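Structure provided below as structure tokens; questions to follow.
The chains carry the letters A, B, C, D and E, assigned in the order they are written, with residues numbered from 1 in each.
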Amino acid sequence: MKRDPVASGTAVRSGTGVASGAPAVSGGVTAALGALGVVVGLRAVFGAPLHASIGWLVPFAGLRIDLDPLGGAFMALTGAVAAAVGVYAIGYARREHWARFPLVMLPVFVLTLLVVPAAGSVTTFLFGWEAMALTSLALVLTEHHRDEVRSAGLFYAVLTQIGFVAILVALVSLSSASGSGDFAGIRAAAGDLGPALRNGVFLLTVVGFGSKAGLLPLHAWLPRAHPEAPSPVSALMSAAMVNLGIYGIVRIDVQALGGGPRWWGTTLMVVGAASAVFGVLQASVSADLKRLLAYSTTENMGLIAMAIGASMLLGASGLASVAAIALTAALLHLVAHAAFKALGFLAAGSVLAGTGLRDLDRLGGLARRMPYTTVLFGIAALGATGLPLGAGFVGEWLLLQSLIHTPQGDNTLLSLVIPLSIGALALTTGLGIVAMVKAFGIGFLARPRSEGAEKAREASPTMLVGMALAALGCVVVAVAPAALGPALTRVASTLPSVGGDQGPKLGAILRLPGAAGSVSPAILAAAFAVAISLVLLLARWGVGARPAAVVRPLWAGGGPALTPRMQYTATSFAEPLQRVFDDVLRPDTDVAVTHVAESRYLIEKITFRTAQADAVEEHLYWPVVRAVAAVARGVRKAHTGSIHLYLLFGTIGLLVVIVVGR
Amino acid sequence: MSWATRILKVGRIVQASPAAPARTVPSPTGTRASLQIRHVDAGSCNGCELELSGAFSSVYDAEQFGARLVASPRHADALVVTGVVTHNMRGPLIDTLAATPEPKLVIAMGDCACDGGMFRNGYGVAGAVGDFVPVDVELRGCPPTPDQIVETLRKVTGR
Amino acid sequence: MAGLLFLPIAAPLVAASLAAIFGWHRWTAIVTALSAMAILGAGVTLAFFTDGESVVDSHHLVRADALSSTMLLVIGAVATLACLASIGYIDAELADGHTSPQAARLYGVLLPLFLATMALSVMAMSIGVMWVGIEATTVVTAFLVGHRRTRAALEATWKYVIICSFGIALAFLGTVLVYFAGTTGEPGNHSLDIDVLLSGAARLDPRVTSLAAGLLLLGYGAKAGLVPFHTWLADAHSQAPAPVSALMSGVLLSVAFYALLRVKSIIDLTLGEGFMRVGLIVMGLLTLAVAALLLVVQTDFKRMLAYSSMENMGIVAIAAAVGTRLAIAALLLHVLAHGVAKALVFVSSGAIQGAHGSTAIANVRAVLARSPLVGSAFTLGIVVLLGLPPFAMFASEWGVARALAAQHFGWLLGTMLVFVAIAFTGLVRAGSSMMLGAPQAGDTPFVPPRAIGGTLILGIGLSVALCFSLGPLTNLLDAAATTLGAGR
Amino acid sequence: MALSIALAALQVLLVLVGAPLVIGAMRQVRARLEGRRGGGVGQPWRDLRKLFRKQQITPEGTTVVFRAAPFVLLGSALLIAAIIPVVSLGSPLDSSGDFVAVVGLLFLGTVALALAALDTGTAFGGMGSSRQMTVVALVEPTILLVLFTLSLRVHSANLAEIAGGTLANPAQAFSLGRVLAFASLVIVIIAETGRLPVDNPATHLELTMIHEAMTLEYAGPRLGLVEWASGMRLTVLLVLLANLFFPWGVAPGGPGLVQVLIAVAAIVAKVAVLAMALSVGETFLAKLRLFRVPELLAGSFLLGILAVTASSFLPAAGR
Amino acid sequence: MITATYTGILTLAAGSFLLAAVLIVWRRGLRATISLLAWQGVALATIPIANGVHQRSWMPIAVGIVVLALRGVLLPLLLARAVRGEDQGAREPTPLVNTTAALLVTAALTMIAYAATRPLIEHSPTPGTRAAPAAFAALLIAVFVMVSRRRAMSQAIGFLMLDNGIAATAFLITAGVPLIVELGASLDILFAMIVLGVLTDRMRQSFGDTDLNQLRELRD
């Protein structure tokens, strides 16, 4: 992963002499757009919906903006991420010498991200959606001089397009069947649509939006594109863009169609659970910091999809109040994920900028050279583990609560689905802890494993400010999720099946409606502080009889001084786990033994390499690709270049016409 | 379940311990009956090791007097050093002592450790333990019996 | 008004005669470019006069309605780009000694003639004359395709002429049968006129007309690159000089399709919408499938662009099959946007070919880094062709999709989009491997000739101008759809 | 309020004082079964007292993570002691933290220690950390499944509710689901607290260590905190085991003095019994090969799944 | 002209037209083929002239004369000149389909043509229309010639036959399309043949001969 300075310099600076103020302008505009998105979005959430219609934009259709609380909430969330990323990007772009093109595309990308949730019509939505795909693709390709980036870009482009096709077919069928191109109109007419259409739309949206959210099976672009994009872009993609996949599912399946039969929710839960477990498993064995974060995105989106699925399933089973808990869980976790994933990717970007590395096996010891970044990444990682005092805790807690509160004795489907979901959720949180401990512990603690890590530079002030903003978000979600309460209630009120006053109360203590169950992150945090001070007190025991504290070299087991090479690496850290999940992960291991020249019995070095292929890719994508390629080869064989054959084609056409046409 | 019945049948294996010897060595921390020991083999013939493990076995049960073998010098109050100090083990021995937190003491166990014993003039031998680290307790014997070991430890733990 | 009607045909003819007399000079080339602009200008002017009502010239020879104006716009816009690019192209060839002054003169004559025949086709009063115009394009472009006189160019030309002539001959038979179906033996000089046929369409013999419809579909389909007569397309488009490829891919296919639309509007009145619809759907889907599949295994970038044209013609055919007002308007926008984008891509691919001496995708690397202008133009063109917003082909493809859904062609839409996605994969893969990456040893920077650079900038400008909004063009497209009888 | 806070303080105190005794008792039982005399129940307390009088050594190159971990570890254990029903169902923190939060806090401590081990940058630290995290990855799901089984009847994950529910409806206490859940929770406790056969707390062979490998660099008071915390974690888990499955004797919220006294006696008795049972079990077991540990944990996960399924499909008798 | 005679002439013309086509399939020598093509052109020209005489209109007669000049004389001459350049005995090498099979295919095509043109006859059962199947059959045979012949010149001849067939069909069923269309069409054919001729020349220069099997460089 070491960057070749020459190649990077030539390609990034090619042809453009960027003024030194340009990063500030680009980042500033991005942040300002983000802030505007927050303001407008929040206004829409709290009762100032925005309507605008521009008929002359986009031929034959026109654009239409309809910002309701649901859209507003997503817009505000996107804006918040963008604001932090924008500030960060000022320093990052300067340090990485961005060319003019990405500087221009960054705010444009944010603009498209803001347009999507504000779209009031199918046309506007798809327009924004594809524009978002295009701008993000362009940004992913910023460092296109690297082979991995191009490969990632191709994956991204193709899978996004497949997803887009699914969405397009779903939305266009929906709008033509309901006779309206506006979401409002679709919503009004949704009740009269036939079940076949509704089911088709649901499946297509799960595939299409799921691909954007990184859900199985169209997830493969995510762990490629997110790591290879420049880090501010990774942050925007992983913390804001994927959310819009969830938004699509909520907007269409939950809001417009008002939910469906039970198998809808079940399907979504299965997809979500599979994504969550698969994602976290991959994350926990991944040795690339950004790839790990990207797989963690698949994991968290899977959890959110599970929550939405649960909400749909429960809503369809007539359990509105529990459904509301599940939905709140989804929304809250969405916010939490946005906060900690943005922070995570920004911090990873700082590491990349400071060391030129993202390979955990070569990092380490950053805590001393990059203390602020380390602390900030620690906050993000804590959030991602789902442990208390972290940002991810409350969302996962709510999800678990919704599952616990599902009465199920008399319903076989629920009795099957709910326990299995709990199992998946449980496995996910367990593995999530491993992944994050690895990322933080191996990457930032211990001693540097390479020269790059040894010479790490702390992030620049604007980068730190950007990260601090995201960290603030993490802390708020972790300690005071109550702050989000009013907004979430407003959003939930726009959704049928969970509407009304049934949602969980997000006060200082989170309480569930009509059920026993509560938790209070704020009080827990306070109590934890008290507990820690108590421990500080305990630690004073015997302090008078104690010799003065000293600093000593590490205990090397009696051997000579430890070298950084002797440390555990990310790969070795994950090795036991990889062994456990050998059958699922199917790693590709390769041991190469080099003997010394003189004797076969003496070994000079042993190289152990293990590569982790994506099982879904292996068993789903490539067969399809091979099949298409085989058909294509067949078609190609039919085009031999022989003019006689070509004329024969025409003749056959002529004969067919003669036979059919008469 | 045959194990259970056997345990019941055999009952206590540990031999009766004599009264606590006088506490000749000040306990490192002033705490009675708590001594964590890190064992360092500085170049032993393994005779002492055999006896040492005997001292912690069911028959002698040094643990009943508060002594326990630990894995890291950081955890230890005392180093039990066995054998002569070979050239290769001189550095590690010094390092190990340095890694041990204060207050600490060094118990040289066996004749070799105390003065080099029968290996004194070996080509690989650097010297006795006392030549490199300050020895607080000497335990003579080649090898010392478990009884002797336990007794010495009891002098330290004071139990 | 009559003068204006003849202008699009006459102006290129003048340019052709000048080139014939004086040979290839920069000024004759500029005159040719001006004649292309004249076509564009005439298209714009006529667009103002053709809101619904068609303008008919005396002698019953040429006419113009909103559809013709739209086609003139397409021809004019792409031709302007192609003619400007020709200046740089031929000058460079002459300078390198790749071409002789005689060949350059021939090129200078045939290029405007090509424009004239296309203008004639879209403005012909009679579908017979329209056929003559389209057949003439084959004759005229034959030597343009074979301009480079290599073995490959010769082979492409031969296939082009034989296959297209075969196809287009069938269209003539179809035209004759339409004439026969309308007259019961009595000859009439105006019985092939579009307006006459439209008003008398109800009296055509249905069984004869259905045979005629099949033949016309095959015949004009051959020229439009539809299966089964598509086999000439990739060869000819890849062997022709870049500006000619641009014209052929960007407009010639559309002009042929225009003919199909014209006869479709007549036949639909006789046979109902179903007949042509089935044919167009079958041919469109087959074309789309073949093009998409060949795109993913493509190793030659000019052939890739040719197959992309086929792919788009497949989409156009499906849109025509739906035939609603929205579909036709979207189709025309598609044709316009595709024309401009293809011109851009072909002209820049010419520059790439010139710099590499090869058309193999594998031999081209890091164009964006080595020649930002050419790289940007090619990339932008590809992005437009991929149907990504904010560019016009997003709007047109979305319009087609909506029209399909509105007519309950969900399965068709789905199938179409699957192939479009396959084609997307092929284009993105090839495009990114050519454009992106870091230059390696031996990859030198290159700068296209000034005229080509100018063309590229103009093309980029046109493509960008077509994003977001069409302004008054929207009304024109709507009127054009109305002239084809697309009521809904 | 004041009463409940006092009760919470009592619980914390009880666990704080009792934890070393639990460890001591377990060692003592083991020693007796091995035919030894043993160091006595108070030995861990003596060790602790000594450790707090020893020099504090900070290894070179470690960061604040290494220094803070013992505090987080012990702090989380204290907090858990305050939340869970040790003597009374009326903890002031019961509404602030339920079973999920308790499990989370438990793992927060584990994570802190694992990070501290990585922070040292020694091979053994990384090894212990890696192994511990592997165990956590498999233990956490099992705990959540057990939690789910337990909360299924009362529809709450709040510990007082669960314990109260069992008290109110004793017939439920011995359903199939709960038995399975009990079994898997026992395995989980063994794994999480590093007891045999998962980890040998008495080993000094680094290559077989899990928990010990992580603490190799700690010395003096910090080591004391870590050891103390380990004991407390074991104790609170045993308390949970006792009071969730056999809540009899636990004082209700707002109890009288007698009730509290009974509750203290009850919990001491229950934990003593459980600790001894655990210790007896340990004596008969050899340590598993490291790579067979996951099999054991997977087994407990399976038990958990079975427990959940049993509880959700088979309505309990008292329902 | 009385109708019977007119019908007879039309039938005769159409018949010899078809016969020429069949003979072209049979014969492989290029020169003989070109003579047959000229014969076919004459037969073709007979149709509009007969029409004109029958309807007493000068226009079809004029068209007929033009057709005679172009297809009966000029184009065969052009072809003959091009063939003179062929060095290998001006003989079609073994075609892709052997002669027996080719004749069988020809028969099948003729039947298809008769089946296909039924709607035409039903629409307007004039004497000309009744003869149209023969012309249509010749058209299909021409297509077959194009598909099966390997020499470039043979394919050009096939193309000319195809056009002849279309023209014959047109003359038989409609008594001629509007003049401008007819003129344009003829001009286009002329140019197309010229183009093909030039291309054949070029091919001979760059490939050495005109075997179309060499045109397999461009492929996917």
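The definition used in the following text is that a contact is a pair of C-beta atoms (placed from the backbone, for glycine too) under 8 Å apart; a residue touches a chain by one contact, two chains touch by 3 or more.
What you see is a predicted model, and the numbers here were worked out from it, not measured in a lab.
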Please find the path from subunit D to subunit E through touching chains that uses the fewest steps, and give that number. 2
Shared interface partners, meaning chains that touch subunit B and subunit E: A
Subunit B and subunit C share contacts with A
Reported most central chain by Cα centroids is A
Which one of the chains is farthest from subunit D, going by Cα centres? E
Taking each chain's centre as the mean of its C-alpha atoms, give the chain farthest from subunit B. E
Interface with more contacting C-beta pairs, comparing B-D to A-E: B-D
Here the gap between subunit A and subunit B, centre to centre from mean Cα coordinates and rounded to Å, is 57
If you average the Cα atoms of subunit A and of subunit C to get two centres, how far apart are those centres in Å? 43
Taking the mean of the C-alpha atoms as each chain's centre, how many Å separate subunit C from subunit E? 31
Starting from the mean Cα coordinates of subunit C and subunit D, work out the distance between those two points in Å. 77
If I count partner chains per residue in subunit B, which residues reach a count of at least 2? 29-30, 72, 74, 99, 101-103
Subunit D, residues touching no fewer than two other chains: 49, 53-57, 206, 216-217, 220
So which stretches of subunit E touch two or more other chains? 116, 119, 143, 146, 155, 212, 215, 217-218, 220
Chain-to-chain touches, reported pairwise for every pair that qualifies: A-B, A-C, A-D, A-E, B-D, C-E
The residues of subunit D that touch subunit A in their complex are 12, 49, 52-61, 63-65, 70-72, 74-76, 78-79, 82, 93, 95-98, 100-101, 104-105, 107-108, 111, 114-115, 118-127, 129-131, 133-134, 136-145, 148, 151-152, 154-158, 161, 206, 216-217, 220-222, 225, 228, 290-291, 294, 298, 301, 304-305, 308-309, 312-313, 315, 319
In their complex, what parts of subunit B are in touch with subunit A? 29-30, 40, 72-74, 91-92, 95-96, 98-99, 101-103
Note which residues of subunit E are touching subunit C in the complex, please. 59, 116, 119-120, 122-124, 126, 139, 143, 146, 152, 155, 159, 162-163, 166, 169-170, 173-181, 184-185, 187-188, 191-192, 195-196, 198-199, 202-203, 206-207, 212, 215, 217-218, 220
Counting only contacts in the complex, subunit B reaches subunit D at residues 3-4, 7, 10-14, 17, 28-34, 36, 58, 61, 63-66, 68-72, 74-75, 77, 99, 101-103
Any idea which subunit A residues touch subunit E in the complex? 636, 639-644, 647-648, 650-651, 654-655, 658-659, 662
